[in-house]
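Each of the two complexes below includes chain A, the first together with chain B, the second together with chain C.
Presenting the complex of A and B:
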């Protein structure tokens, strides 16, 4: 966790965009915009909420690596459409999985006590934007 | 944030330690505070706890972690963001969504909060009421009403019959009003 690299996250974002493009939605600009906006706002919130500070690069790294379930969801959306109940359940499950993983990492890295749900809420909103892009 | 060389020194414009005080929250505080915002009728002691130094001098208020009555900025900020996203969702359902809607809603809501702050300060000045409330406290209380707005929006989204939606809206308005009057 001391090793922040952005290669993995960039690869995941690219893969996400490519899968969406295969499904007929060309949203590369939106992905970039949401990612940058999300990282900036999480940088602000996490620095204000934690005792020690945190790097923007580390936030981007954690968020990017935990995007993997979302990439799987977008891969699934090529095979069958995600509108309807099954798609809703699947995207909810992916959002929860992404949020669970990244909030766990943030809480351990920053040493925040009893703030897991508070970290999970903005992170969940961030991943919900990606899920919205995949489904609609 | 001034540990990184080559970054902008923002301590000059924004008082970071004071701002951090409003974000010292934990899970239990947020849950209880939201319950208080939506059901304030039975809450008894409304006074804020005071942090004292060694010789009994008042040094400031306790952070939100230790005092349910202390205002925080986490809930207002999250409620504001949720409100903007929910408005986006509602317009998306009616197929009228455009990314501009999000920016428009956000800036309109921010304008309302700013106007309310100016109005309160102006009213205190004109009526000669001495107010020792910090600006960030006023921002926090102005932001708490977004929680009620989010509840009313969720009621509208869930396709309940119109009288239920209006009932939820009026209830949320009443409870936030009661909460604000009580502080």
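Presenting the complex of A and C:
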């Protein structure tokens, strides 16, 4: 988390949108809106709860890179539809994977080891929005 | 270990330097040697942090100084209200709990209510469409009850001289909303009597938790006022429980008409 690289996250968001478009859902506006709102609210939460502060670019960078499992999920949704139990399980698994990775990074760098679940809950909601976009 | 700054070694904030008495000088030297990492003026600056501006983010960090175990502990203690909640808070009331619990309750209310509705429609052989008005209703009711009522209660008790702490009252109400999460999940069961049982049970636990912890604050007013406020609290809680039951947990299988939703 030392460098605030935004190229990767932007590429992942674009890829996510393109895969969704291939699957028949054009949600670029929703992706942008959810991403901005999520970064803003996570900025608030992390700055309120951690000892030191963190700036918005780092948060965007971590959240964007950890979006990768969600991109894979949207890629899978092109090949076979995600309705039904298997889609539900896959999306749940992707949300958990994204949340585990990003909350781990936030907690390690900000030294909030006892508050991992408290950080993971909002981050999980953020990724759940993306999963909802993919499935419905 | 904290060091209190000696009045002598405060270069930037003291207006006039005080003459150094020998004993004071030795004490100051001993303190500055004991904690070499903290320059003396830092302690004064740390004292000044307590009066940060209310519009800066740092002012609110002290309300979020909880870890996972504490939040989970507080939630469980609100569901099983044996201990005194002020002791559970331990002088460290937080805003994280009430904020996220009310959000979760709204979400769970909407989702379980929709699930119950679609279940009832399926069993009645009709189609079901999501009623997003329920979500707005849930947001309005839960935020009003979770944050508006504590504000009113705090203002009233402050007027009658009970010296309440706003954050503690918000915490009592906020953590008291936790009970509605399991009640909502259980109320998917499509039997009206079972739902009434669960709602009454949950409401009873919640109102017991509320009154038990508000008694400590209210006992500082005189008896008649505190009884009146207590009755008002109980009535408000009963109104909330009835509203939730009627609006969210009332799906039943209707064969006569085409209505599969709402009351």
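Convention: the second predicted complex is superposed on the first by the 136 of 136 C-alpha atoms of A that agree within 3 Å, B and C clash if a C-alpha of one lies under 4 Å from a C-alpha of the other, contacts with A are read in each partner's own complex, and residues count from 1 in each chain.
Keep this in mind: a contact is a pair of C-beta atoms (placed from the backbone, for glycine too) under 8 Å apart; a residue touches a chain by one contact, two chains touch by 3 or more.
Note that the structure is a prediction, hence the values are computed from the model and not measured.
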Next item on the list: State whether A:117 touches chain B only (first), chain C only (second), both chains, or neither.
Entry: both
Margin query: Under the stated touch criterion, which partner chain does A:80 make contact with: chain B (first), chain C (second), both, or neither?
Written below: neither
Notebook entry, point to check: Touching A:93, do we find chain B (first), chain C (second), both, or neither?
Noted result: neither
Next item on the list: Considering only the touch criterion stated at the top, classify A:22 as touching first (chain B), second (chain C), both, or neither.
Entry: neither
Check: Of chain B and chain C, which one touches more residues of chain A?
Finding: B
Notebook entry, point to check: Between chain B (first) and chain C (second), which, if any, makes contact with A:49: first, second, both or neither?
Noted result: both
Notebook entry, point to check: If you lay the two complexes on top of each other, which residues of chain A touch chain B in one and chain C in the other?
Noted result: 47-49, 114-118, 121-122
Item checked: Touching residues on chain A, where the partner in the complex is chain B -> 45, 47-49, 53, 113-118, 121-122, 125, 128-129, 136
Margin query: Help me check something: in the complex, which residues belonging to chain A touch chain C?
Written below: 44, 47-49, 114-118, 121-122
Checklist line | Residue ranges of chain C touching chain A (in the complex, touch as defined) | finding: 57, 60-61, 63-69, 71-72, 96, 100
Note to self: Under the definition above, what is the set of chain B residues touching chain A in their complex?
What the structure shows: 1, 3, 19-20, 23-28, 30, 74, 77-78, 81-82, 85, 92
